[in-house]
Structure formats: C-alpha cells, structure tokens
Amino acid sequence: MDNDTTYLCTTDETSVTIRGKDLVTELVGHLTYTEMVFFLLRGRVPTPPETRVLDACLVILMEHGLTLNTLVARFVASAVPDQMQVAMGASLMTIGDTFMGTMEGCARILQAGVAADGDPRAYCAEVVAKHRAEKKAVPGFGHRFHKPDDPRSPRLFEIAEQAGAAGPHIAMLRILAEEVDRVAGRHLTINATGAIGAAFSDIGFKPEVMRGLAVVSRSGGLVAHIAEERESGSARLIEKLAKQNVQYRDPPAE
Amino acid sequence: MDNDTTYLCTTDETSVTIRGKDLVTELVGHLTYTEMVFFLLRGRVPTPPETRVLDACLVILMEHGLTLNTLVARFVASAVPDQMQVAMGASLMTIGDTFMGTMEGCARILQAGVAADGDPRAYCAEVVAKHRAEKKAVPGFGHRFHKPDDPRSPRLFEIAEQAGAAGPHIAMLRILAEEVDRVAGRHLTINATGAIGAAFSDIGFKPEVMRGLAVVSRSGGLVAHIAEERESGSARLIEKLAKQNVQYRDPPAE
Amino acid sequence: MDNDTTYLCTTDETSVTIRGKDLVTELVGHLTYTEMVFFLLRGRVPTPPETRVLDACLVILMEHGLTLNTLVARFVASAVPDQMQVAMGASLMTIGDTFMGTMEGCARILQAGVAADGDPRAYCAEVVAKHRAEKKAVPGFGHRFHKPDDPRSPRLFEIAEQAGAAGPHIAMLRILAEEVDRVAGRHLTINATGAIGAAFSDIGFKPEVMRGLAVVSRSGGLVAHIAEERESGSARLIEKLAKQNVQYRDPPAE
Amino acid sequence: MDNDTTYLCTTDETSVTIRGKDLVTELVGHLTYTEMVFFLLRGRVPTPPETRVLDACLVILMEHGLTLNTLVARFVASAVPDQMQVAMGASLMTIGDTFMGTMEGCARILQAGVAADGDPRAYCAEVVAKHRAEKKAVPGFGHRFHKPDDPRSPRLFEIAEQAGAAGPHIAMLRILAEEVDRVAGRHLTINATGAIGAAFSDIGFKPEVMRGLAVVSRSGGLVAHIAEERESGSARLIEKLAKQNVQYRDPPAE
C-alpha cells in the first residue's frame, strides 16, 4: 500500500471512523474488546467460533505467575510508582524471541506445511529432521515447568474443536508432535505457545502479528501485578535476595 | 499485604492456578478476555452489566488514528521491524499524564465526591471554583478535535444506562458538566476519558489502575498500526516531512 | 522558540553541522564525549573546570551494583538476548522520581535559594521547616545503604573545589545540611544525588535536564551488566529466588 | 562464569568498589566518563590512544538531526513531559538491526577476517561475493543521505591513525571497500557505522557490545532534543503534518 495512506481510522469534529464503520453507532456496544481487536486487524468482524478461539488464546497467555516478564513490571513500578504505563511498556518488551516467541516459529512451520499441500507426515518428518541436524529445538515443544504435558494445550484444542474452529494447522501440529516424540525417543509436550500458534493459524492470523496479540494478552495481566506490587512491595524483597545471592568477586584480568 | 506473598498466580507441573481458580478447567473457555482482565484485577468474575461497560470502554479507547501514540509505534516499528513488542512497549509509554491521563484525574474528583456523600451540586461547584482559582482545566472536559461534543461520551453513558450499570459517578459527572459550562459561560464537552473515568468508577475501579486499562485498550489498536506500517512505510514519509518542515538554524548564544 | 525550528543539527550530502559547528572538522577529535554532551545541550564548549565536574558526576552515578535498575536490564536482556538496546532502554526508564530523582528536587531548592539572593541560613531553615510540616524528606538527604555518610558526596565537593568550579549551590547545600541535622537532632548524609544536584547547578545546568544526564551516566554502566548477564545467567537464578520467596496464597474476597 | 557471581560492583556502608577499585579514591576525579565506560566493560583503564578513539566514536554518533530516533524522543517527551527518562528509553530502543546495527555486522566480518589470518583480499572478495549471491548489502557500506562519501568515516580513520590506534580491522575495511566498489562497478561509501565497527574492533571491543556503546553515544544527544522539544513543541506540528499527509481511505476487503 502507499505510504500516504492508512486504512485504519479517521476522526472529525463529531465522529470517529474505523475501517469504514462509525465507532459510536456501529462498533461500541456491538463488539466486545476481543472482537474489536480482530476487526481492527483483519477488517471484518470475527465469527463466533473465531471469537471463542481468540478469547481462549488471550486468556491462556495472560498470567503465569512470577516470571522475568512480571518481575520487570514490578521492579519498574517500584522505581516509577506513579506511571503504571511505564512499567507495563518495559515489561511488554520482554515478549520476544525467547519468551512467547516460539508461537511465531511454530506457526510459520505449520502455515508453510499447510500451504505446501503435500503429505503432512512427510512434511513434519522433514521439519523434525532438519531441526535435529541443526541441533535446534522444534519451536512449540517442551516447557521449563510443565511436565509431562502443558495442560493448556489440550484444553485449547478442545475449545477450538467444540467451536468448530479447529482446522488444518491444529491437525498438522498433532502430527508434528508425533514426529517430535518419535525422533526424540521420549515425550515432549506441545507447549501453550505452540498450541496458540496453531489455533491462531486456524483462524487466519499471520505469524508476524502473533507476538502483538501476546502483548495484548499480557497487558491485562500486568495491571494486576503492578496493583499488587504497590500493596506488597515485593520488588524490594527480591532486590535484597539478589544482592545476597549474587555476590561480588574481584574480577580476573581481561 | 506482605512482601513475600502474591495472590495472583501459581503454577506446578500440571496446572496453573489464578486467584483460587484452575486456569484450564475454570477460566479458559469460560471467560472472555475482558472478563478475565476484570477477574484478575478484582478477584471476582464481573456481572454481565459490568462486562458490557468494561468492553465498551476498552473498545472506545482502542483507536483514534494517527496521533503521537500511534506515530511512536510506527517509527519504532520502522527502526526495529522484527520486534513488534518493542514498538508496542515504546508507544504504550505515552499513555501518561497528558494523553488519556485525565481519566484518572476526573475519576478522583468523582470518587471523592460520591464518597463525601453531601450535596453533589455544591461539591461540583466547589470543584469548578477551585480549578478556576488555580487556572487549571477540570480533568475530563474539552477535546482538541471533537467539538462541540465528543461523540463517544453520550454513547458510553447510554450503554451503561441500558446495562443498568450507570451509577452515582456518571450522575455526578453530568452535574459537574453543568457546573463547568455555567462557570465557563460556554459549552465544554465531556471528553471520552472523562466519561470513561466515570463509567470505570461506577463499576468499581480505582483511579490508580485506570491508565493500566487504557494501556490494555490501546495495545489492541497498535497491532494493526504496526502491521499496516510494515506494508505502507509511512514512517519514512513522516520523517521526511519533519526534516522539510522543522528547519535548522544556527543557535543564539547561551 | 518556534515549532518549525531546531537549533541542534542539520546534515547534507557531505557534512554534519551541529549547533553552528562542523562535526568532522571542528568537533570529532577536538571534544571528548563529556565535552560534546555539554556542548550539544548548552551551545558552548565547557571550560576545563566544568568538564572536570561533569565527568566526575557522570562517573559517580554510573554504577552501584545490583539494584532495581540493573536487575531490570539483566531480566530484559535474558528475555531478549540479541537486542541489547531494549534492555538498556527498559532499565533507563527507572531513573525517575524515586531513583536518582532527588537530584532534581534538591537542585530546585538550591537554585531557588541562590536566585532569591537573601540570607542563605534563613532560607535553608525555612526549607527544612516546610518539609517537616509536610512530613516530607528534604530531597538529597539520607541513603538506604550508605551510613553515616555517602562517601561520594564529599569527594565530589573536593573535586569541584580543586577545579575552581564550586559555587553558591554547593555552599548552600552545606548550610542546608547543617539545618537538616539540627532540626532532625541527628546526622543525615548528603547523598550522591543531592551532591550532584548542587554540582550540576554550579556549572549551570537546569533541574529539568539533570535526570537526562543521569540516564547518560547509567547507560555506560548497563552495557557492562548486560555483557556480564550473557555470561552468567543471573537473571534465571533471581527469578527462581523470587518464585521461592514470594509465595502464592488464595486471595481474600474483594 | 557462575550465576551467583558478579565482577562489577559491590557497596557497603562507607564505600563503593568497582572491578577491584575504590570508586571514591581511585576512579572519580581520575577517569573521564569515556575512560570509565571502557574500564567498567573491559576491566582495565584504557590507554590514551584507546580513549581517543572511543571518544571520537561516541562523539560521531551522538547527533544526526531529526531522524526516526530523535523524533520518537520528541513525541514521547510531548506526551509524558515530566519524565525525560521515558522519552530517552523509548528512543534508544530504536538503535537496532536497521538503525546503527550495521556496526555489529561489519565488525563481525572484520573480526572473523582478522582472526582467520589468511590473505585479506581473498577474504574480502569472498565476503562480497557471498553477499552478492544472497542479494544482501555488505554491512557498513552506503548511506541514505551522505554521498558520495560519509564524511565521518575518513575523519575517524585519521584520528585512529594519528593516535596510533589504527590496526588490522581498519586496514581490512579499506580492502573490503575496494572489493565492494570493484564488484558493484561504482563507488559506495564506507558509512559511519562501518567505520566505527572497524575502529571499535581495533581497540578490542566485541561486536556484541557495540550497539550498547551506540546507545551511550545517542543518550547524550537525546537530552538536547528533549530539552529543545519542551521549548519548541515541534512534535505537535509533525503530528499535524502526519495527519494531513497520510490520509484515511476505506479499506479493501480482507
């Protein structure tokens, strides 16, 4: 598209138009937040099954306790207490290639496989072999804490299936999982980001926007962490623990 | 609360517990994203009227075209194209005391007035007089672009009333508006952030978390702006316009 | 100044002009980094005493071990390992009203006192009395870790005095310190940010840019923390300590 | 190194120790800011030639007028006027793979070539051929604005040579430049980030920390931009230009 054009939104003195619809008369009160996120990104209102899957994905990722991500929010909130958005923004930056980023990688593999339209098992076997040859983990598999299975993944598949929104990408992820286990000689869980990569693909999202949706999801959880930090002051306790447990030593020479 | 305690979330190998409920069996598939944000922050599932108002507020704030906020997202996305979360985080930092921040200020006035439980008109007259004496604008009134009225405000009141979720804070904001106009001698619109400050107050949110909810709302809009920027490359055009229109001159002495 | 004007920099195909000077022939190789920061902000090259004080202030603030500030850098670097600038940016946001911000507050008091040009002791007594009445700490005094004295403050005064750059603001801070101690009935240290607020004032910086100079100083320290984090992986250890020591409990009702 | 260890800094009630030296008695007043950045990162005080090159690199990158980078700083400063560090942090995030990032890529090529210790011209020819085959630009060459030559590059080489700090990496970059021109059939400038990648390599910096040093450099320039933005209000003018020149159109269907 042209660099002098936007398809998203325009305002005048008495109205706000978003992707061809009037915000006040056609969107507010008619769409939920989740539907509006879909509408703004895709240009059409989602179907109820699509909404159900998107809601499930956004709920699943919102909260996972004290992790690097929420600790950053608490630390920044402790240092800049009156500017909640600063703590949120700093924390959301951590949703990158390591943390939640396997969503994108897994979705890329699944979307390429579905688009190739060949034998899914042969495709998955090739993907696993290629990662093994490069000594890389297949994105979307394994979890630091959840063993033997990330409980969120089968639940998400169940919701997608009940809604009638499970399609070829979830199907391919199941085959990929069998190949991953077969080659590893042991069971590796499909993790939540892998499952979401598949579910997002089945409702038509491109890999490039998925981490943006993860940011949306997490933002909801951070408000609660920062509100709690203001009451509890945990950041100062953790700072103290860090000082006690990571000790200074005189450095070796360069 | 104690600094060694969190009430939000814990995980073990096979489950995620959020505020006393099991994520997999009790939350995902049962709550929408909007309901989950409320639940995580407040510790109880919202009623349908509360959900309806929260959805309306989150939809209203999501998108307002090319503003400082979305331009920051586009500029950072242009410079760091593969890390969407960085552009989102940087942009969300702008939701501060100037941009959307009047929500908090207006809510504080309304919540103090309702808590005081006296004559609302006398309270509002006093608030207006005090701001006038300090030559400050009453937060929640006036808008740079929307004149004579921000169309989003009456629509939000309508939704809250139809849902049965309009309470004393919206009522007080209407009285405050009359006093603002009376003292100004002309009509000043209740702007969207003022209206949301009242609606959020009526469903029980404290002023301190409101800008966090604005961050949640905006995050949904930014995904679309960044996805569009990748296609259009508007940031480079605007950079060029800035160079052409803000010109260098040799500085005067210190 | 006009909104279509900048006094800072312009470029053309073969040159870069900064505040009236040619970068290549007049600045690079002629000014140190510290002198260039001063020149860009103030429009003139600093005198050697000014440079000496600015260098001392920038060196003093650069590093203070594992604090909220450096922990944020380490956590974000752990999550987004290939984008060092993201960890630096997120960490630098913490240099706010709580962390290093007393520099600004102390400088405002000193600059107002010097500008008033009255009896310094009467002014300082009044400042202390006013803060006591409002139950606020006088900015620039007291330190969490350094007792009875922050060792950085007397050293900075010594450097400023030897350079001939100690002026009325450092003098007034000494008087203010006497008044603080007298009213408190015990000794409170002038902390490093208080001392720097005075030293910066004596070389002509306004309070509004001081935290920006603190950001410059800290940025130098963060590079080393992030480089070390990549080797050591301390962030994951601290995350584990946080999980072990901040424990989940089922929440009380709203 | 172990995750329970830091070699950087420890503090106690009366002292600050940085990499084995006492901050107050051995560092402040003895080292410039530039020397301290080197010392903290490398563990030894730089030689005068190393300091001279590091200063030159930090001065060269500090300021380049109104670019995406400084515009982000101005926009955020306009929205969050009292928190200069937020505008700085958001702006510094843009120093990524696109903006200044070629420094790292160029340094990696040069350091690998020097380490290989073979025929430099054969190595450079191979590098250029490989990039050509992959249709990628060789990092460190070409500039959007500076033609035919980025004036900063020869000046930096001159400073390094005069200081006696020009070594095999600058030498190899010159050979690489000849090969780039030969294969392209036209002259491409060595840009400032390419030149700095070579100069930083000759004074012993690893590619992984180079963008961190670019952040340090830029942070100094941003203070001046934000201070100026507060006076001029250019962000609002540019926002207006963006609205006028990037126009809304109803979107095509998905």
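Here the chain labels run A, B, C and D in written order, and each chain numbers its own residues starting at 1.
Note that a residue touches a chain if its C-beta (ideal position, glycine included) is under 8 Å from a C-beta of that chain, and two chains touch if they have at least 3 such contacts.
These numbers come from a predicted model, not from an experiment.
Engineer: Listed by label, which chains are in contact with chain B and with chain C?
Structural biologist: Expected: A, D.
Engineer: Taking mean CA positions as centres, which chain lies farthest from chain C?
Structural biologist: Of all chains, A has its centre farthest from that of chain C.
Engineer: Determine which of the two chain pairs, B-D or A-B, is joined by the larger number of C-beta pairs in contact.
Structural biologist: A-B
Engineer: Give a one-word verdict, same or different, on whether chain A and chain D use largely identical residue numbers at their interface, taking over half shared as same.
Structural biologist: same
Engineer: I'd like to verify one number: the distance from the centre of chain A to the centre of chain B, where each centre is the average of its C-alpha atoms, in whole angstrom.
Structural biologist: Using C-alpha averages as centres, the distance is 23 Å.
Engineer: What is the distance in Å between the mean C-alpha positions of chain A and chain D?
Structural biologist: One centre to the other, that is 32 Å.
Engineer: Between chain B and chain D, what is the gap in Å from one C-alpha centre to the other?
Structural biologist: It comes to 37 Å between the two C-alpha centres.
Engineer: For chain C, jot down the residues that touch at least 2 other chains.
Structural biologist: 3-10, 65-66, 80, 83, 86, 89-90, 93-96, 234, 237, 245-246, 248
Engineer: Once you've mapped the touching chain pairs, tell me: line, ring, star, complete or other?
Structural biologist: Drawn as a graph, the chains make a fully connected set, so complete.
Engineer: Touching chain A in the complex: which residues of chain D?
Structural biologist: It is residues 3-10, 17, 19-20, 42-44, 80, 83, 86, 89-90, 93, 245-254 of chain D that touch chain A.
Engineer: Where on chain C is chain D touching in the complex?
Structural biologist: Interface residues on chain C, with respect to chain D: 1-16, 18, 23-25, 27-29, 31-34, 36-37, 40-41, 52, 54-56, 58-60, 62-66, 83-86, 88-96, 145-147, 149, 151-152, 155-156, 158-159, 208-209, 211-217, 219-228, 230-234, 236-237.
Engineer: Considering only the defined contacts, which chain B positions touch chain D in the complex?
Structural biologist: 65-69, 71-72, 75-76, 78-83, 86, 89-90, 93-99, 234-235, 237-239, 241-243, 245-246, 248
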